[in-house]
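Below is one structure, written out as structure tokens; comments come after it.
Residue numbering begins at 1 within each chain, and the chains themselves are lettered A, B and C in the order written.
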Amino acid sequence: MAHPDISWIAALNQLTAGFFLLCSFGLIAAAQVTGCIRFYVLQSLLLACSAVLLGIRDHSTDLFIAAGIYIAAKVILIPLLLKRTARQEMIARRELSQVIGVPSSLLIALGLTLVAYYIALPLTIHAGGGARTNLPIGLAAVLIAVYTITVRREALPQMLSLLAIENGAFFAGDAIAPAFPLIGELAGTFDVLMIVLVLGVLSTQVHRSLGNTAVGSLSQLGEE
Amino acid sequence: MLLVLTLLLPLLAIGITASPVPRTVAETTAVILAIGNVVIALVMAARLTGSGTLTTAPAWLSINSFGAITLLLETFGALTALLFSIGYLRIHAASNGHKRRYLIWLNLFFLALYAVPLLNEIAMVWLALTLTTLFSVFLVSFERTPAALEAGWKYAVLTILGAALALLGILLLYWALSLAGATDFTWNGLAGAAAKMPVRVVDLAFLLMLVGFGTKAALIPLHAWLPDAYSQAPFPVCAMLSILESVAIPYVILRILAGTQAVVGNHDRAWLLAFGLVSAGGAALLILQTHEYKRLFAYSTIENAGIILTAGAMNSVHVQQAAIWQMIAHGLTKPACFFAAGMVFMVMGKYRITEVRGLLGRSWSVGAVFMLAGLTLAGAPPFSLFLSELAILKTGLVGRQAWVFMLLAVFMIISFCGITYHLFRMVLGQAPAPAHEPPRTIPGSCRWALLLALAPVVLIGWFMPAALHHLIRQSAAALRGGAP
Amino acid sequence: MLRMILYNLLQVLVVLLASPLAVGVLNRLKERVQSKHGSSIFQVYRDIWKLFCKDQVLSDQSTWIFRLTPYLVFAAPIVVTLLIPVLTSYPLFFAFMGDMLGAGFILALAGFFAALAAVDSANPYGAMGASRTRMVGFLAEPVFMVVFFTVCFVANSTIPYIVQQTWIHPFANFFDPSHVLIAIAFFMLILAETGKIPVDNPSGHFELAMIDESKSLEFSGAGAALVKWGGCMKFFVLLCVFLNVLIAPWGLAAGKAPAAVVLAIPLVLLKVLGAIMLITAVESSLAKLRLFRITAFLGLALVVAVAAMLARMMHI
């Protein structure tokens, strides 16, 4: 096997990382549920791309298998599961409401990216080439997704942001811990599928009992 | 073999509940299997007093004495919760299918909970903890009212959020491990490679895991989901959530601390100390101003988790022993409290403290039992929590960080006052005019569950088995990074 | 030396002559996509010619600003053309007269006067369009700045001729995230600045919904022709910057022989055609945004641009 050109792969991986981050921004900015789902699936696809690229660079079979798992679970299974458990929500074509408007949210997300960079910077001295790209971006994706959960008012976008945190964590994880036991990947994936199943059913129940899933505006249970 | 069996029994219970056998048969077998789990846990604990660890498959299942204590508390809590659930369901479940689903989810929850102290691979421990959330979501929203669904949603979203942050922490920890040259990602591997891990990575990893698992344990200020979830969940589910928060999660956090202390010991201890103190203090104040007796007990769970973590963070073997003792005492007491509260609800039909008056006049037995459970929880003298809290203060105040324990003492006194204040308001006084409907009779299984749960609380206050003491000493030694 | 000046003038000539064609092709393509027959691709030339033949009507209420504006709008893109690479990959005579920031200022000057003239005409729609254009302009301004600064960071230069070479030497640079992100941000800017669909509907005839077009409603005769032509050239120039400086600096003449430069003309036009097809796809598949969603659109562009800058500064 010819030795792959490292600089090319690093450049492509950086590009993937850039788009990965953009998908996080997209999850904040998307105005409809379908948009959110598309961004999530795209992000998962980029996660798999990055795993493949890093796998080529490190000659790691584990990462190829991980990429396969990502594609099977996150790109194929999750949209199917969502369709099954939360159908009404998926086809709802109304504009999503947010606690903080899109432009301000985007600026805050940018700030979070900087924070992630400054957290990750001192760590990257331990890291090889892949981690220098993936660690800050993965951390930024995690922070942005956490922020997204707090500003989104509706059930499905909140759930997708939860899943996006997992994406961010594994995006960083693929680079820093390429030999992370596959069992760990499987555990994460199993967890993601269970989240979709449980929260999907729960959101349908909420929908049935309230007529919508604006969970953010539920306020029956006040803090004392 | 015993370890596998522990996980098989709940699975068996799920299978039987899901199969079309009569409901009473399913319930009876579930209870018998739960008793079996307690027996197994006891046998394991007995064996562990001899050797340090029990291992079935080195990479997968392994339990040390700390784990055995955790498992014992979990299985015992599960048994009583199951017993109580059977009576509770007779009153509250809408349909047979509803009951069966409840039992299935409850046993799945037990399965995940038991797996926490048994698993050896840290990523799998994380998975087990996450699954406890996912399996308990439908238990929390069991009533299916809009309020219950809202509580379930908040609970699910916030705790899954925490789990995801902890996942990042675990990945970072694994990075640190692989940088130190370790290849297995088990508790043993962590202990073996600890000294060579890079400090900053471990630091960030520990903080992420602390925040992540802390969200699940509802440590203040990460407790946003807790008041709602506890006020909506059925009483036996509250009991099990308390076990999860004050037993299983401190188990995991303290074991991680034991692994990382060789690198960043004091740093991580400080983080843990801060979280623990804020939780203990904040929860003590929340206890004072709460309006529902269910939330009262929920806040008390946070307070105790805070105390356990604070004491567990100390760099002293005696304080850590006391912390484990506190974990045992609280893990035994809290289910009894929720069962007693459940009986109060069955008698009075109200959740708010101000709406419950003159409990003794309404039903002498329920009032007395509620009083007893409440007093044990508050830390009144002859019971086990009193002794363990005393042990923490006694060992801590002579150490170097005495100010921490002075603060803890203040918090304990505040929460004592808060709990007894609310308790006396509910139990004593003039009973309001009886409602139109006569008080519901309390099912027998609920009474049994409460008696069973109260028995060790009272007993351990008087008499501490030598074997248990030995286990506590071994666990504290393991937390010091010594022999497992 | 003389040759360089000649080539520079040739560039201006190409922009002058080809820009109405580009707009015509774009209109035609869009109408074909909508299953209409569509007007000829040379319709824009005919419009301009027709307007030149007509009398100019000037309001006696208007001031010199209104009279001056058409010439400024027409001249600004021509000056910019002198600064940017349209046909050649080596700097021409006027290349060092101003950098990209200078080009941006010149275009902004024309925009400023166009807005003033719209208010000057006292047509209520003009003032409305001017204020809306300014709104879009204000939102676009930071994006422009960040894009330029990032480009300067990358190339250590603000001269477009130098910038274009850094993206492809070595070729792995082409996949640099900051490059790709900048290209995306700049494309969004072009859509906003030239009034394309997610921001503005260029083929709308409803004054209340207009953003860009309503500013030029009061111009007539030669003035209207100049404004229209200037708009076409601005579009063409921005496309040239996008293509030749940011995305695909291929097909430009590398040699100094006249033949090479002449050969570059069809190649550049081909690239422009590709960009026009991309814009057609975007315009046909998106709906026009509500006025107050434009902030979100340009906010996204800003985020993309800043992300590009961060990616550059962090060396990730």
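FYI, contacts are C-beta pairs under 8 Å (C-beta built on N, C-alpha and C of every residue); 3 or more make two chains touch, one makes a residue touch a chain.
Just so we're clear, the structure is a prediction, and the values are computed from it rather than from any experiment.
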So what shape is it, when you link every pair of chains that touch: line, ring, star, complete or other?
line
Suppose chain centres are the mean of their C-alpha atoms. Which chain sits farthest from chain C?
B
What chain is most central when centres are computed from CA atoms?
A
Between the Cα centroids of chain A and chain B the separation in whole angstrom comes to 31
Could you tell me the distance, in whole angstrom, between the mean C-alpha positions of chain B and chain C?
65
Rounded Å distance between chain A and chain C, as computed from the means of their C-alpha atoms:
36
Quick check on chain C: which residues sit in contact with 2+ other chains?
none
Give every residue of chain A touching chain C within the complex, in rising order.
7-8, 10-12, 14-15, 17-19, 21-22, 25, 29, 101-103, 106-107, 109-110, 113-114, 117, 121, 132-133, 136-137
Can you tell me which positions in chain C touch chain A when the two form their complex?
170, 172-173, 175-178, 180-181, 295-296, 299-300, 302-304, 306-308, 310-311, 314-316
Touching residues (chain side chain B, partner chain A) in the complex
121, 123-124, 126-127, 130-131, 134, 137-138, 141, 144-147, 149-154, 156-157, 160-161, 163-165, 167-168, 170-172, 174-175, 178-179, 183, 185, 198, 200-201, 204, 227-228, 231-232, 289-292, 295
Once bound in the complex, which stretches of chain A touch chain B?
119, 122-123, 126, 138-139, 142, 146, 149, 155, 158-159, 162, 165-166, 168-170, 172-173, 176-177, 179-181, 183-184, 187-188, 190-191, 194-195, 198-199, 201-203, 205-206, 209-210, 215, 218, 220-221, 223-224
